[in-house]
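Structures given as structure tokens follow.
Two complexes are shown next, each including chain A; its partner changes from chain B in the first to chain C in the second.
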Partner chain A sequence: MAAASTASAAAGADASSFRFPREYSFPAFFTRQTNLTTHHAQLSKWSALVLAYARHHRIFRLGLSAAADSDLFYNRRLDRRLGMPDIRELLDFMKKDGRIEYASGGGGGSEGEVVFVYWRKPEEWARKIEKYVEETGQKGSVLTVYELGEGEGTRGTEIHGIDNEVLLKALNVLVRKGRAQIFGQDDSQGVKFF
Partner chain B sequence: MFLKHIDLTTALRPFYLPDEVLLFVQDNVGLYEGKFKLPNYQNGQVYLTTHRICYVDKEDPRSYSVALELKEVDRYEFYAGFFKSSAKITLIPKPPKRSSILPSAVSGASHQRNGSSLTRSDSPRSNPEQSQATSATWVCTICSFSNPVPSNFDPVTANAHTPLPPCLACGIKPTLAHVLKAAISGANNRAMNTPSFASSHPSLDQSGVVPRPLSENLSLDLTSSPQTPQNDEESTFQCPRCTFSNHPSLLSCEICGAPLISRKQSPPDARSSLNDIRSESPGPVIENPKKTEQGNINVSESVKISFRKGGEKIFYERLKGSMTQRKWLLQDAPPAPTRSRLADEDPSNSSPGQSRKKAAGIAGLEQLGLNMRKNNELIIGSAFEDLEALMASAKDVVALAERLSRQNSSGADAMSAEENKLLAESASQLGLITTKDIVGGGGSSQSLYLSELSRNVAEFLTDDSRGVLKQAGGIITLVDLWAKFNRARGGVELVSPMDFEKAARMWEELKLPVRLRTFRSGVMVVQGLDRTDQATIKALLAWLKDLHEFPPEKEVPWDWQQFGMGVTAQETADRFGWSLGVAEEELLMAEEHGAVCREEGLEGLKFWVNYIDMGDVKPPKSQAQRDQEAIVKALKKSGMI
Partner chain C sequence: MSRKGVGIGAFDRSRLTSAHFASHGSNLRASNADALSTQLSVFRSLLQQFAQTHAKDIRSDPAFRAQFARMCSVIGVDPLASSHTNEGSGGGGGLWAQLLGESVNDFYFELAVRVVEVCGVTRGENGGLIGLAELTERVSKGRMEGSSEISEDDVRRAVETLKPLGGSYAVLQVGKKEYIRSVPRELSGDQRAVLEAVQVLGYVSVGMLRDNLGWETARCKTVIDDLMSEGMLWVDKQTKGEWEYWSPSFMVDTDGAVKEGE
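On to the complex of A and B.
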């Protein structure tokens, strides 16, 4: 449940290894540009930065207030930070691209708003899962959701450690395609691949 | 008469001569030569000055602008216009100056014997000389008949083989020595009594013409009378109305008073301007205006100015004024009386100076002191005289001002034309060029006033001696310019802000070298035409690039070699000499072009080279593009399913 805190913890763990892009050390990058073209370029670059950062740290959920103080949006060396309104604008921009999604309500009130960062979109995750199932010959068998995300079987693959909700979204994509079926209760859901 | 090509100022107005004062401007005029329109000179502005009448074409002012010197104008006539025919003012040139040819003719006659080229030239101008040559006579030794010396006889080159015509009466050839003697004595005679040329032509005096002052008639005598006996008829030509044979120098018929000017003028002109073949086109437009080099137009007839949009009356009034004043004469006059008086004193000054050279020691010093005192006295005396002259004119000025204020207070809005003229004159004397009055009254001339004002301001801006634009870094806000312009006018005839803005807006239309720019915020600035946005951006970027090279004054956390420095509007203003507002606007303009980007921080708004959008990110798609893509996507989907 404490996805956001794990995210920031992970970010703190190996932030040094992440290579920020060149713009990150450009002071004007942290100011909202008024020129439309420049602004668009700015948003695109920020979006790429956020996704790369999330991918590097395998962040699936981003708590806004926590992220605002993280290295991602706050360059301590330059003493420049991206303001909250600008972050929101950036998220709106990314949402249009399908790169983030606001977590609905249950993200945890204390951390404020939380977004899913789709450095891989659910469709892409669905393809990954299908491929994994096919490769391991588990078609037709039933797997639990926990098994997919945290189980020993997926260790070493990208699927391992995936956020539960993101995983469910990916599975739902497969269900809609008719490639899988989800059954069971809230806590112990199972999925069968066809 | 020549319509001389003139040079224009940067604001496409004529360059004025020293002391030349603009009196009137009228647009929408055309030029005629005689009865024919001059092509390319049909829509322009006419500038009446104290010295000239200038025509500046509207379409192509640089190539079709001419001036006519008032001193060459003999008479001027006014034609009020009739139905569709617009009002015209006809300028009739002075009769071509024979007196200018006369000296050359005389010198030609006196030097004729050693300058064979003169006598042999076949140019029509040598006519008078030819006739002079014939005026030398040799008396036949056989029959004592007076024969003319042949025109091609040159005593310098004549030798035994020169063919000599026989005597006209008896047909006996004369001896060379005889003719030679006659020719030389004839030349000597004329050299002595050229002024009293008539005496060598008794026939003229006998023709019953009243004796005239020779100085004014000489020209005609030389051109027409001495040619041949039958020339007498030509020289005393008939009056077209009453057929009385008048003397050619008369301007109007002695009997009936009919004008003879056209007749009198055409023969000498036809002769003098043989080189320019006048195309007698029946149409109203001359096909080929007779252009000599540099765009001058040789006009043999009168010049008409056609006023298609009015203004002719004031023009006529002022033309009359300047024709009577004849200010162009002042140019040749000694500049100031004081100097001439000093020059008079010179000999007396120089003589003691010479004596001083001789004197030495104490005597010399005393002499020097004496001279200096004398000199001082003289200067002070003349200075006081100047002062008195100034006072005298000051009285006039004061009186004028009083009259003006009286008129204003009484509320009489209708000023007499005379008053108006006086005012305009005084205003222009005070150094104002464009006033509402100068371009004529009435609402219709408002646009003309504005266009003149526009040119005036443009001149003010581009005047290198003032350097208004240069001082302001090539860009100045309209408000600042307005203030400067009015200050330059010395507090009189101030231009209203409304008129000023309107005038500024006309620069583009008038193709003047300055332009008005409106920034996004609505601030209006004035800058040279060559200073485009691109040029400004280039300058800005070059400066920002320099900041990559030179280390910043204090430590900065970022890589200044890569990103340089952010600059504030204040720094930019200092760097380029702009005002703060202009710098801000220029930076915003550059930002709008995507050349720079902004950074809002604790230190205020700073501008950086745009490292955010380096062209590696695709620009945002337009709505249409997005729609199209959506359709393609949907089609693909449906095709797959």
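On to the complex of A and C.
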């Protein structure tokens, strides 16, 4: 699926148009700060940067090793990079905020470790989807999961091109709330909205 | 020359003269005071007129506002005088408030609120010491579309309005650069020297301090550690040489760097 691209692939598309924040040009931003308060400020800034970057490029999953070499964590102009241990610490920090989630193994393969980056959390996507279904008068009808993510109907909305797994997570939020029901299997899953 | 006032009448005469002088003096004083008070009221009404005619400019043009404020302070009028001081005499409220309605006075108080906000948000990254230019830029950025521009002078004045609150907010001059301090902490001489040195390149290293300030290595390390522990310096260990210690005020947009580097 097209959306299941890793950081490096998506970043190639229009990396030039993403405006890095000021701290990205600050050499010390790439070294783990020893002062606790400073370090916390540093993590917050990094977290905001990762989310903004992912949102801009519509990155849903980030392969760690690829990302470490991408311009997100590696400022070639300054020759400064965020090291892998620091990236992991950052991800732990973001995980506490519910902003990333480690993808359960298997799917990645050659990509190594992969995380979902939630510049929109599944709950937020769920609200978007529900709104879309309501606005297009499709309550009560059955849509395929593929249709939602890739179909013509959602073209032009933010839902279009969403990562399949993130989409399923969002739909499951609705299922838990009793707002939707998923049936079928694997490639031919359908979803009904109430 | 004839001798005068030898008789007993001389005493009288001298008493008379001094009485004359006294009354004349008080006349003069009175007329002086009168003249002064008319001058003052004329001046006041002129100032008022001026402020009213140019109220819009004062509100919208930071340069004009600064000039007006400077003019007021030259003639000893504090435009931001506290609004609680003179309830009785012709209404309280600072001059801004009286002359321009509440809006200009409020302008500074609102600005002060923004200053406090920005200082609070950035305290983690800069240890409570932020460059005036940077602060001004951040305050300007957070404002609504279409609202008037903010100058450094405005921010300085806004910080002044925070003084009565007894907080730790103060304008601090280190080297060529002005900072706003938002933590109750005094800088030592050594710390000041290092912060001043940092302004040149954005960073310092132990070696740089040792060579340029003639300090011993231990002293350099101590000051740097102090500033690090107060969150006023960030360390960069990826230098392939000596570690460099950066001032967070150099965390600037690449295209805004000219403005900050001055």
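Quick note on the criterion: the second predicted complex is superposed on the first by the 187 of 194 C-alpha atoms of A that agree within 3 Å, B and C clash if a C-alpha of one lies under 4 Å from a C-alpha of the other, contacts with A are read in each partner's own complex, and residues count from 1 in each chain.
Criterion: a residue touches a chain if its C-beta (ideal position, glycine included) is under 8 Å from a C-beta of that chain, and two chains touch if they have at least 3 such contacts.
None of the values given here were measured: they were computed from a predicted structure.
Trainee: With the two complexes overlaid on their shared chain, look at chain A and say whether chain B and chain C clash or fit.
Mentor: With chain A as the common anchor, chain B and chain C collide in the superposed model.
Trainee: With the two structures laid over each other on chain A, which partner does A:K45 touch: chain B (first), chain C (second), both, or neither?
Mentor: A:K45: touches chain B and chain C.
Trainee: First (chain B), second (chain C), both or neither: which does A:T37 touch?
Mentor: It touches chain B and chain C both.
Trainee: Identify the partner contact of A:R81: answer first if only chain B is touched, second if only chain C is, both if each is, neither if none is.
Mentor: Touch partner of A:R81: chain C, not chain B.
Trainee: One more residue to check, A:F29. First (chain B), second (chain C), both or neither?
Mentor: Both partners, chain B and chain C.
Trainee: Can you pull the chain A residues that chain B and chain C both touch?
Mentor: Of chain A, residues 22-23, 25-31, 33-35, 37-38, 40-42, 44-45, 79-80 contact chain B in one complex and chain C in the other.
Trainee: So in the complex, the part of chain A that touches chain B is made up of which residues?
Mentor: Listed in rising order, the residues are 22-23, 25-31, 33-38, 40-42, 44-45, 77-80.
Trainee: Provide the residue numbers of chain A that touch chain C in the complex, in ascending order.
Mentor: By the definition above, chain A touches chain C via 22-23, 25-31, 33-35, 37-38, 40-42, 44-45, 79-81.
Trainee: Touching residues of chain C toward chain A in the complex: what are they?
Mentor: Interface residues on chain C, with respect to chain A: 123-125, 127, 203, 228-231, 234-239, 244-246, 248, 250-254, 256.
Trainee: In their shared complex, at which residues does chain B touch chain A?
Mentor: Residue list for chain B touching chain A: 557-559, 562-563, 566, 591-592, 594, 597-601, 606, 608, 610-614, 617-620.
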